[in-house]
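Listed after this line are the structures, all set down as structure tokens.
There are two complexes below, and they share chain A, which is joined by chain B in the first and by chain C in the second.
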Partner chain A sequence: MMSQLRLSFLLPLLAFTALASVGAVALYATLSGSRDPAQLPSVLVNKSAPRTSLANLMPNDAGDNMVQLTAFKGQPLLVNFFASWCAPCRAEAPALEMLSKRVAILGIAYKDRGEDTNSFLEQYGNPFRAVGMDTDGRMGIEWGVYGVPETYLLDANGVVKLRHAGPLTRGVIDATIIPALEALGS
Partner chain B sequence: MITELGHFALITAFVLSLVQGFLPLIGAARGNAAMMLIAPAAAISVMLAVAFSFGALVWGFITSDFSLALVANHSHSTKPMIYKISGTWGNHEGSLLLWILILAIYGGALALGGRAMPMALKARILAVQGLVSTGFLAFSLFTSNPFLRLGTAPLDGKGLNPILQDPGLAIHPPMLYLGYVGLSMAFAFAVAALISGEVDRLWAKWMRPWIMAAWCALTCGIALGSWWAYYELGWGGWWFWDPVENASLMPWLAATALLHSAIVVEKRGQLKSWTVLLAIMAFSLSLVGTFIVRSGLLTSVHSFASDPARGVFVLVILLFAVGIPLALYAWRGPQLVTTADFSLTSREGGLIANNMLLVVATAIVLLGTFYPLGLEMVTGARITVGPPYFDATFNPVMALLMMIMAIGPVMAWRHGKTARLRVVLITAAVGAGITAGLTSAFAVGFSIGALVALGLIGWLGAGIGADIWQQLKPHGGAGIARRARRVPTEVIGMWLAHFGIVIFMLGAVGDNLYNSEQVVRAKPGDVIQIADRNVTFTGVKQVQGPNYQALAAQLEYRDQSGKLFALLTPEKRIYNAERQTTTEAAIRPTLRGDDYAVLGDGDNKIGFTLRLYYKPLVSWIWGGAVIMALGGLLAAFGRQRTAANQTSPVTNSTTAMPASGRGA
Partner chain C sequence: MIIPRMRNLMLVGILPLGLLLVSLVPNTIVTTAANAITAEEMLANPELEERARNLSKQLRCLVCQNQSIDDSDADLARDLRREVRSQIAAGDSDDAIVDQLRQKYGDYVLLNPPLDLATMFLWLAPFAFMLLGGVIVLMARRQSGTESINELDATERAKIEKMLASRNGRNE
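Then we have the complex of A and B:
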């Protein structure tokens, strides 16, 4: 017995086709090597970074309860948004460790709890000069963060030069971060 | 030699499963009995061939045959025997073979059992199983051959990722796969039904034990994974909303929906097309769960084997395994529609609500897991979705589900209002009021979410209790014992499974609300206070393990009276072969709560970082999961009530079960 097609019974197939296409495109991009985390157009580029003042994760280290972005002026600075609950952040930890030998890095723990951030740093290493707690994610909004991890490069005057969404990999560091650092004379 | 035989057996299994996949289908279409009978014979042969092949691979690991590429890359001669064996499935190729083995065992089990089933149905189910195993055997043989030899064998192996050298992880993958692959049975039932265009109550009755078995294994597998993350990752957390965890949660949610909707098909002959769709979804999600994490498309803390090149094969298998059944569903599904003959407030209504909520929950997890990938494709941004999203979306849906869980089982089929329902509703409301009220009166600083969670625990616990009491209280001359004997095992299983949720929630809430944590830098002799205990750090000791060296902190736990009640020794290990460091948390689990200690960096001069937790009730989380699984087992394999009533294949029954006829 043939019955006519009904839309509601086609829907699962259509939904699956849509999902599979996304997967296929993603896979193709990964395989062809073009799926590098792209540079996002950030409205912040070539503008001053937002005024940033956050609770310090480790008050003793800085002798101050707040982390001020202005305290880092006079040198290039990487600002890294991360969270203990974010898997790619764990993946990029070695890359940050390596970069920390070359440039100061300010960590901003995005929507995270202090004790979790501490465990995270303890387990995966702490490449940061200081860690500010963006518990409610407000600073993330100011900076226009898509999601963690996300990294900004600031010049000595606190002007945003580069923004990278997604985990830092060797390739990204070599292709974008290092050249940008060199352009800043660091 | 054994290796080559194992490889040959794998090729044989591939050819045989091609036979199993096609000939019985043709036989069933033409009514040719001889061709249909090939199915069980082929399924049993495939099972034996794959078992031999897997045995050969395990043998290679046991004997540390480093001429095998897989063994050389993933094993080491100094590794303890249990990890040599578990190393077989601690890598992509071996775990794929384990996956295929379990698939073949399920197929063989159906071939050996299922005698009462019509020949055509059995042949079709086994054929679908055969097609699935054909795909995966091809995947194994053509892209992930576990029997690859090395030209020159190295003197020793590269070792196994130290984090995987753990008893929990030795049994976690097999258990999880039992669940994932078990869903292939429900899938095969569904596809067979779509091919024949027939679904009746017997079909659901035969399918249900397989769903339940898969669900139980999946429940245990997920619990084991979470338990492993709890003690091995050293975070004290037990669920991270990580893509791999989500990948196992999605099929679980779909399977939970499926095992409930299959009840409606079996008892009432309704919801047929929906159940078929759920069965396809559940297995598709478990395919996604097993393989998408290996394709390198998603980043995760749990994925230890990923390779984008294999992703292509996975995607092709997925396209066939999901696309064809869904196309069949689009074509045949409308035939399975029945007219609803029940009101919304009925057992059917409750089960439909359960299904809706579970499917929404699955969609939430699916979205949270794949949204980052979709967004990346569209905008190029790479993000992670974490607990903030899931807390806001997943938890409310689960809360609603818990509300229904208390009352759904008490409603009658077709038209649900019963006197029992009223009693249970009132008791549950009182239970919720008492727990929420007590907490808000005696504890300060609780969030609304915590109050709701506690209220729900009271609601569900009291609801189940009231239901049990009404089923068992002396009535009509029958005492408790006599009435208890009359309660079907399925119902006891359901009570147990639902009660497992209460236990689980107690654990989750207890840990979330009362957990205390201390992070200190301590020198030998320091005393740390946590919860109501004093912990003395007496120093660190060097420990020599079989294939690692470790630094072990000595922590003496004393209670308020100063009595020593535990010595915890969290370790930091350095594995010789892999040059990797791991932290081994020391845990003293008790029913009241766990003492949990982690050793961080440091030396005797500046002191060591110590992380100490006291986590009340946390082990109830996994205890609850085990109780759920036990309930599932009881419901699946317990004695059936009124067997005569259920074996009549009435498609659109007008003789509804009496109001007391209850399903799990």
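Then we have the complex of A and C:
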């Protein structure tokens, strides 16, 4: 009888302790910055990147008016969705500049006008091998973009290995981008 | 004996059932819909437009994260509404449209998460807690019901009678 009585008091207490611990761990992870509830996982990871063909911001002499993702196969590639109207994109410009020395970067200008994109690149530097124009944002939806800037790392076969939503900071590059690049042998 | 049983039944069965039923009332009745949708977005065919509105209410705006794309004024919500409508106009079924968006944004795009292994806990936990609560209540009740009253033995009875007698004698 005594043990039964104890159980009916202990059970709620144990249940509460278990729930509170889960909450405490999640809260600690959020406060210490290792968990960001606003970061959504990408379904694209470990899948082939969507077929991507966009109007070229800078048509070259060969009359190449389209940017094709397939043209970058055979090497790791960063795909960076950005826009001239996006403030965090300005903040991450130096980070992209630095990364461009190590890996090819394809820029996709999300819901931007060509003239604005051009002046943005003039002002903040152009780390991109090519820039495709996603004027109506449809390509962004294909990639599961929910806000610029977003950066995807593709392996040599065009399979998405990593997605980062939000600006690339020193911390993000050191903690996620560089190790992922090293894993791809770059 | 019957009345406590009834109360147990209330606590364990009827009350949670009532709460469950209330939670099933469509939330559209409770909340007033903020109209983010603009006239030029709408489809000319009212039947198709109705389908588009219905679908939009089930899809999450991924920027605001707690609103449907039907409610949200965000740019991405507008783009997704346009996407839904263009696919409806192209003759796609509702399921096909939802599936396509799930392939791009994952289950998170659905305001109602599907029941699968990953969401099993989410869906079943309320019932598990309900059951657990019921078991605890029953255990606590059974406990209080079985407390036995110890009858007085002969010496105790004599002692009390003696005490009462002396007390009554004093008062008279």
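Rule of thumb we're sticking to: the second predicted complex is superposed on the first by the 143 of 186 C-alpha atoms of A that agree within 3 Å, B and C clash if a C-alpha of one lies under 4 Å from a C-alpha of the other, contacts with A are read in each partner's own complex, and residues count from 1 in each chain.
In this text, contacts are C-beta pairs under 8 Å (C-beta built on N, C-alpha and C of every residue); 3 or more make two chains touch, one makes a residue touch a chain.
Computed from a predicted structure; not experimentally measured.
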Item checked: chain B versus chain C as contact partner of A:123, first or second or both or neither -> first
Margin query: Per the contact definition in the header, classify A:111: touching chain B only (first), chain C only (second), both, or neither.
Written below: both
Check: Can A:12 be said to touch chain B (first), chain C (second), both, or neither?
Finding: both
Note to self: Per the contact definition in the header, classify A:142: touching chain B only (first), chain C only (second), both, or neither.
What the structure shows: second
Check: More residues of chain A in touch with chain C or with chain B?
Finding: B
Next item on the list: Could you pull out which residues of chain A sit against chain B in one structure and against chain C in the other?
Entry: 1, 4-5, 12, 38, 40, 111, 137, 146-147
Next item on the list: Over in the complex, which chain A residues touch chain B? Could you list them?
Entry: 1, 3-6, 9-10, 12-13, 16-17, 19-20, 22-27, 29-31, 35, 37-40, 83, 85-91, 111, 115-116, 118-119, 122-123, 137, 146-149, 165-167
Checklist line | chain C partner contacts - residues on chain A that touch it in the complex | finding: 1, 4-5, 7-8, 11-12, 15, 38, 40-44, 111, 136-138, 140-144, 146-147
Note to self: For the complex, give me every residue of chain B touching chain A.
What the structure shows: 197, 234-237, 240-243, 273, 277, 280-281, 284, 292, 295-297, 299-301, 308-309, 311-312, 315, 318-319, 322-323, 326-327, 329-335, 370, 372-374, 376-377, 379-388, 517, 519, 583, 600-601, 609, 611
Notebook entry, point to check: Which residues, counting only chain C, touch chain A once they are in their complex?
Noted result: 62-63, 65, 75-76, 79-80, 83, 102-106, 108, 132, 136, 139-140, 142-143, 146
